[in-house]
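Lettered A, B, C and D in written order, each chain numbered from 1.
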């Protein structure tokens, strides 16, 4: 089951990397949220109720529901297709796949580097690295703010997976902070997103390059 | 008592900013006098009763600051006090025209920096501990920088100032690093540590590092490029003090280090001598090529530093071959030349300042005939010129004579190499002397003699007595050294005997004897000249004396344009040294059928090739290409994300591959 | 004191002999030997004309030049007979004394704001700068050879014990002779009798001097002449002979020098101006050879 | 007590956000700063104590706490003048003041926390606070800068969190889930070095945006440029210190392990590359605030280089940070004044400042001396110590490179700043009312503190720093 989820997650990553229509992002994000919930649930069945609730909050409510909705609201039928960077269409798929392969390699390497380590879930780890790097790739490759937001969230998903993979459970305080962090940053970014839109009419970040030397 | 005087002077210096504009100068003068009195007393005491230590009563990062005044420090302190005092006197007259123009903050800044330059130079000579020394050293550079950019609203001046600041900072860094190297080995940051280092390790590398650091201040070629820029830019009293004493601080440092070195003497000596010879020759050659009087004087500072370098070099070589005479007398010549150069160079700069004050230009192409309008100034300049050319009966000769003597005395017993080295040194000194005559006949003849060359400066007039007073003081000193040279020779040799710990009455006697002779002959010369002039006056009374036009070889319509110009005067040498200077003449020659040629202009310029090659080329390289490396701030957020990615990947790889 | 006397004696006939010899070679009878001194005496009595553009420099230039030469004269010994002044490194002062004179005469030339005299001044400064090294290298070599550093000691100990040292004597004499020609601006560097101002060196500098000034300048030139020829005589006369004979030889030698210069000036033409620099430098080069000779003799190598 | 403080921070920030009266909101800020001072007095006797499970108070935290208080006070004072001059809208002012309170509070958290998780959380909080401050001017530039800052530092923070997770993994392997510095440091030598390396690398990458080093320095520069000058001041002094402390915590915790040399090399590389870019831009920029921003970057990299040498370098680094905070903030404050007078921050339009506003000119001049490490500035001492360590480690090439780059930086600064102070330029209109001697005197006193440190070696600072670095390997 876990394997299934992980694989779907990775596929979703590859898809994210080549999406053309902005609105199809939201579905993907929602999907990833759900997947994350599934994984987290399998991981932390044993864990305390509060923690479970927390994860529920974080994944289902927040990642799978709130964020996509929020994004949809702010981009409400204004933008349809997003501005591409140098790498177009299926090439980006290639790169995404490459990243996935790389992260598999890294995972493998780490795995037999550390036989002793029981806690390292290589599958998650791979997915996490893949997700982080794909996120970075999207951010680098695309030039409009929506995609940047998306990429941020993808990276955050990666981090979440990583926390599963490394199984290091932070104190509640910190978990709250993480949640708050994603929440606020998405919120604040959304706010600025609107302002930018009002200011520059379109969302191409090449507009946002007055400050340079 | 004196310590209180000194400290109050330094504390009250902040008052310069507060008091009203008209009082600022008087306050500055008073403070200078306070400093001169206090430190002068210390210097005299320690010259008489040997080294003394004075606690300043403040602590810095290296513990409590104390002034350690040995005879060497005392000697330099006296020079500093004399020249700085003359400088502030001169400033009184020179700054007058600026008072109404400038806002009071500038005046205060200037006077404040002048006082502190004085103070910091004194401290440099008296600091033994590393951090205190470096502090004083950098303060000296800093305040001299502020003084140089007195006219900072002009872009050129500011650029010069920044150039100066950077070179000084580089020199500072070199000295600092040398101290740190010594401290790293011996644990003592300061001259003690350096001495210990020299006892344990090879000397040449550290010495040369020190030499580079101090040499930038002293202006040895190839570290000289700041002098010909900074001195013309600065006001004359400042250039007088800077060229007179501040560059001597570099020499002081070199003397200090030289007194500590233990081995590698031959290498060090050869290097110092070579650099000295090159500086001397190139300095004077470049000087002859100049049109700007102050720039010419600046290049002459390099030349004189070169002479000092020669003295030092032969001294070190003398020590390496164990010839005390050569060592002591060579060092003595170098040390005494510090004093002499301080005197006549500041005199020359002050008089050049008078010229600028009267005519608002120091470009020799436009000067000429000033001697009729400014008798005293030109007389003073003449004496300075004779002195700097090392001509008796003035002081410049004495120090050069000492160096000659050392080398000549060594020659008979010298080995093969030493005899060649000695001949080289003599040759260099002789050529420098001859070139100096060439140069200063040009400088004096073109600016003061004949008739005006271009601009008509009828308004030029003799300057106020206030501005001539320092010149008078200095001329007094110059003649005193010239006519009582034995006393000074004795003093410097005593200083050196204390410094090197080698004392030999025989050498002392020999030097004193010949110097006494020299002085007597100088006196005789003066008397003889007086007598002949007297006879001449008497004869002129007897016969008919009339004025007439200059002999024009039958051509009666000659006017001032027929005179020799600085350029044409330098021409014959120029042809000889053409490869050394990048010489350009800007002139449009006549066309084929040009019947009615329009008026033409002609001017020449010569670049300092050594500076071009050693300094500027690198600087231009950096300034041109480094900004091109600034590609990171592209303004595109996408790019900003590439850097962390690259960073992570590269460092990660390096880590995994165990390269990092 | 002896040296001073000899120099004065030589001065009396030296310039006259030159004139005589030149006259002889050009087939004339020529004036008496003392004629130059009569001219000078006449000049000293004459009044003078000063350029309107001249200043006090012009007034003191000639006297200073004269006095420096006189003082320099007091340094020159006659072999072991000491001069008035003798101390270590006295010849440095000797050279710089002449330097002072040159400085002032150049300035007074520049003082009258004439193109010609500027030219002369420039050349004087230039050649003076070029010739000084030769003099110092020569004396350096002699110092290395004898082991002393004052005129008197050097010439007192200039023994020609082995045939090598004859080379030194000859070379030194030759170099000193050349220095003499340059310092006193005779042929081939400068022709005092030329009438083309553009090619003069010394004469053109003193164009505007007249009367007393001109007189003392000429006197100074003659004395300078004898000073240098005395120095070269010091190198040449062997000391083994008795004093009387040597004095005799000296006086004759002076005549020979003068005659030689007369002969030279009658048969040799002036260098091209451009040639002069190289010519003078070659003198220094020969002096350099002297150094190496000494190094070899003293087997330092 | 500490929780009380943070709740107070939250409340005050909240209240300030709704206080739409200018004076009230100023007063609120000052009340808050008074409480920070009070907290300071509460902490002073407790240096070296654990306050509770998440917070403690050690020497380095205390040092930078004091600087935080000083700088925040001064910047609040300057903000009053700023509001008057620009007549800022009350809403904006309220927002900004609330942001200030939040920002300051979160930095206090960074300085005082003893737990890696909370350390990370507070650092994140500073990002949000800073965002609000940077956005103050509400124009396209500030919008752009804010967006970039927010986005880039969010990603940076995310990476840093990944780092923390790796630390957690490492901790798990020895069956330990406590994230306090003490425990991690205590058993760091049992932890798997690979994870520690991963952790440190990610943390340095993530926090580099706070300290203004590569790889994430760009947004930091922009932020300092477009934000009001007093904000730029806090960004390049307080926030830089916070970033340093954050990195320092990890460094100290791992310093007993085998990866110490690796960490040193990493920091050295970071410092050198940053120094290189700083020097390169120093010759390029025309804008005074960006110039100062790059100079901050240069000093940050010097700090890193010194720090990575270890030994005396630790001392030098912290001393340098202290003095840099004072000088750089005072220069930024001075810029706000200059901006009022010339209504421009491009150096072509700003000239003969010493003549127009002597006191401000003197501040600029002395500030210039301080940041190029000329005596009597204390930076001379710290740079001297830095070179001493470089030589002691016999890093000759690094020493030479640093020397050259520093010279280039000095050249750049000299050309711009001295040009501003002295040169006559025909810029736009000049509004002499902008000059405010009161402010200049405050700035002057900040610089004079640095001079005092440089000349007289204040004992308490030396002891404080020694206390702070005593736990580090020699």
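As a working rule, a contact is a pair of C-beta atoms (placed from the backbone, for glycine too) under 8 Å apart; a residue touches a chain by one contact, two chains touch by 3 or more.
The structure presented is a predicted model; accordingly, all values stated were derived computationally and were not measured.
For the pair chain A and chain B, chains touching both partners: D.
By C-beta pair count, the most extensively touching chains are B-C. The chain with its CA mean position farthest from that of chain B is A. The distance from the centre of chain A to the centre of chain D, with each centre set as the mean of the Cα atoms, comes to 31 Å.
Centre-to-centre separation of chain B and chain C, using mean CA positions: 36 Å. Distance between chain A and chain C, defined via averaged C-alpha coordinates, is recorded as 100 Å. A separation of 79 Å divides the Cα centre of chain C from that of chain D. Multi-chain contact residues of chain A, defined as those touching 2 or more other chains: 136, 139, 148, 208-211, 213.
In chain B, the residues that reach two or more other chains under the touch definition are 630, 633, 637, 641, 644. The residues of chain D that reach two or more other chains are 147-148, 151, 155, 159, 281, 284, listed in rising order.
By the definition given earlier, chain contacts exist for A-B, A-D, B-C, B-D. For chain A in complex with chain D, the touching residues are 110, 113-114, 116-117, 119-120, 132, 136, 139, 145, 148, 152, 155-156, 159, 162-163, 166-171, 173-174, 177-178, 181, 184-185, 188-189, 192, 195-196, 199-200, 208-211, 213. On the side of chain C, the complex with chain B involves touching residues 44-57, 59-60, 62-64, 66-68, 70-71, 85, 87-90, 92-93, 95-97, 99-100, 102-103, 106-107, 110-116, 118-119, 121-123, 125-126, 128-130, 132-133, 136-137, 140, 143-144, 146-149, 197, 207-208, 211-213, 216, 277, 288, 291, 295, 300-301.
Residues of chain B touching chain D in their complex: 58-61, 103, 105-106, 131, 134-135, 138-139, 142, 149, 152-153, 155, 158, 161-162, 165-166, 169-170, 173, 176-177, 180-181, 183-184, 622-623, 626-630, 632-633, 637, 640-641, 643-644, 646-648, 651-652, 655, 660. Within the complex formed with chain B, the residues of chain A that make contact are 85, 109, 133, 136, 139-143, 148, 205-206, 208-213. Those residues of chain B that touch chain C in the shared complex are 368-369, 371-372, 375, 382, 386, 389-392, 397, 401, 404-405, 408-409, 411-416, 419, 422-423, 426-427, 430-431, 433-435, 437-438, 440-442, 444-446, 449-451, 510, 513-514, 517-518, 521, 524-525, 528-529, 532-533, 536, 539-540, 543-553, 558, 560, 562-564, 568-569, 571-573, 576.
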